[in-house]
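The two complexes that follow have chain A in common; it is paired with chain B in the first and with chain C in the second.
Right, the complex of A and B next:
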């Protein structure tokens, strides 16, 4: 736990070092949300009869941009990738901490450190905007509680999925191509391109048994109130199952990878 | 020009050494834009139209932007990585050589993965051009070509503008992405759908709307105003301004010393 907090501190102070870049990120994210909301507002003029109301879409967009760095699946730690490709990972192996755990906590901490300075200003500003652009806090207390739990589960799920990618890189060495293909696929399946609520029925049925629905879609939908009641409990359960599967598979694969590691000298 | 072709040849030589990786990145880019196309498709299965534009008309706009932007990215990638050229002092070397700086930066690198998007844009054209209910007479074909060429020029000059700003800040400005990546992302739809203010920004500050909303409203018969058919030409004075701005930047440039 102490190491974990230390990791978060490192990540946060990294962000503070690049203050201007951090502000810029907030502004970019803010504009992205505004543009999306404007787009959907025009869409809703033609038809109001969809799975999500416009108000829910507004909240969804704000939260999605606010927590962008928390759930961006493709955001892999280039330091870790480089250490695998260049072979300096063998130093990590010398440390008195399991490699899986160390990378896992590093990644969780990095995401929290990146997201905290961004989400606070975005949520604050969007909550006081006038009229239909405002982020609505029409959430009941138990739903908010579920939202927080679901956020944590999503974060852990995304990170444990990224762990699998790091481990795969052990076996294939060149990460660029697979990273591009995976990021395209994941952005779409997790609802980063358009909210999953706008997907056709049959596709959502398939996605519901995949891990992708549970990566950012669930917490955002809980907050907007587009899933409620028993569905929330079921989603939290599925999130937990996937987290456990990914961590288990990740640990097994990691063991295999480490056994196989042959570092070229030099 | 000969020099530029030599640069291009050298780049393809270097790519051919890493064929597999290049193909994977092309597939990756193809998938990215395929999914954003699917996104448009799904949205249109929920909503009937977008601010008076039909699905086919939006696709025409989308393929125009994708075509122009990916072509510009393929050729002008060098300006995208320009902050690194300045920060590690490689730009000084470029200035020492007896050739134009713009040519050398354009030739320094290309971005082959964008061919994936380009290919996608062509596929959409094949699908959408016969279905768009636009009569493809001589003048309308001219307008379409005008959109593509001016779009390409516009995006290249946006990349140059981005690089020029680096002269004054030495760092890349992430904020500028709102206009480059933003015009690709949100330019999928005619800028009028975002409301009046956004349309004005993307007409007068970054004239992306000139290569999509205005000429497309003309093509689809939403307006009879002939002026709208020629708005893409507004890109030309804009590019001249950007190049002048770039020249001023080069003159003021002081090396970072590294």
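Right, the complex of A and C next:
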């Protein structure tokens, strides 16, 4: 726990080191949300035949952009990737800590460090906007509680999934190809491009058995109220299952990777 | 004597993939690859006493770094045994590494973008160093390595000499029993080298830390080490004091040590 907090501290320090980048990030995410909302407004004006109301979509978009860095699947830690490619990972192996835990902590910490400075201003501003553009806090207290738990589970799920990618990079060295496939495919399947509620029924059925639905879609939909009641409990359960599976597989693969590790030169 | 490190018949092979030679090799290489086994270490055996200052030399590719990586628990050897302070590095990795400090001269353990002191306090938590002990140790290292003024500077803005002093401090914060240095003086200017050597010698006298360093700079060995080991093609070729080495391979009384080394590499047919 102490190490984890230490990693969060250094990640925040790392983010604050580049202040202008942080400010720019807030503005980008803000504009992106506004653009998306305007786009969906046009759709809703012509046709209102969906599972989500326009108000729900607005809230979804604001939250998605506020917590963007927390759930972006493709956002791999370049520090870790570089350390594999360049061999600096040998320092990591000289620490009294499992490499899996160390990377895991670093990733969770890095995502929190990136998201914190962004989410606070975005949520504050979007909560006081006029009319239909406002982020609505119409959530019941138990739903809010479920939302928080689901957020944590999603974060851990995304990180434990990314861990598999780091470990694969351990075997194949170059992270380029895998990064490209991921950014295209996963953004779509996790609901980062379009909320999954807009997908056709058959696609949602397929996605429901994949882990990707549970990465960012669930907490956001809980907040907007488009998932409720028993469905919430089921979703939290599925999130937990996937987290356990990914962590287990990750640890097994990591054991194999470490035995095979070869660090040439220097 | 108290044997701290005991290496027996350590063997390590790497597989290297090569491209075929000759016409169309580029095209063929896209479909077939040839494996080549490289023996990095062949039955390497030696032992080191507590508190010794050992220099480890040999031409590029001799197996120096591989030896250091096996002793620091990063690599698994193919066969042989290695016991350091009662532990097998790659099996009891976590217990082992909490008692050693490592510096790889060509890599960095400091976080690139954040002030050095943040990297230090991260290490404090990773190694679980108690507050009082940490403050005391940090103060001591800051004074002796003269890095007090660098604490608030991000690592990326440090000169190589400054950074290396910070790297050494980072490796010693948790008061390790053994310090492994892999080419610590690479690329340093004369002043930084001298300071680093003086510091290592002092640190050894003060805390009794065992130092094992690989280097290409014979002056490092002359100034710091009381024992030198020469490795070539994965085997240990010489083990003794520097004056022994001189007596063995030197021709005249005051011959430059680098010339002695060159002759030795030639005599042992280490250079291709």
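By our rule, the second predicted complex is superposed on the first by the 266 of 266 C-alpha atoms of A that agree within 3 Å, B and C clash if a C-alpha of one lies under 4 Å from a C-alpha of the other, contacts with A are read in each partner's own complex, and residues count from 1 in each chain.
Here is the rule we go by: contacts are C-beta pairs under 8 Å (C-beta built on N, C-alpha and C of every residue); 3 or more make two chains touch, one makes a residue touch a chain.
Being a predicted model, the structure only gives us computed values, none of them experimental.
Annotation: superposed three-chain arrangement on chain A; chain B versus chain C shows no clash, the two fitting side by side.
By the document's definition of touching, of the two partners only chain C reaches A:93; chain B does not. Shared-chain residue A:6: touches chain C; no touch with chain B. By the touch criterion defined above, A:45 reaches chain B but does not reach chain C. Once the two complexes are laid over each other on the shared chain, residue contacts for A:141 go to neither chain B nor chain C. In the superposition on chain A, contact of A:78 is made with neither chain B nor chain C. In the superposition on chain A, A:188 contacts chain B only, with no contact to chain C. The superposed three-chain arrangement places the nearest Cα atoms of chain B and chain C 9 Å from each other. Comparing which residues of chain A touch chain B with which touch chain C, the overlap is empty.
Touching chain C in their complex are the following residues of chain A: 2-3, 5-7, 9-10, 13-14, 17-18, 79, 86-88, 90-91, 93-98, 259, 261-266. Considering their complex, residues 14, 65, 69, 72-76, 93-95, 97-98, 100, 102, 104-109, 111-115, 118-119, 121-122, 124-128, 154, 182-183 of chain C touch chain A.
On the chain B side of its complex with chain A, the touching residues are 20-21, 23-25, 27-29, 31-32, 34-36, 38-39, 42-43, 45-51, 113, 173-175, 177-178, 182, 185-186, 189, 193-195, 198. Contact residues of chain A toward chain B in the complex are 21, 24-25, 27-28, 31-32, 35, 38-39, 42-47, 50-51, 174, 176-181, 183-185, 187-188, 193-194, 198-200.
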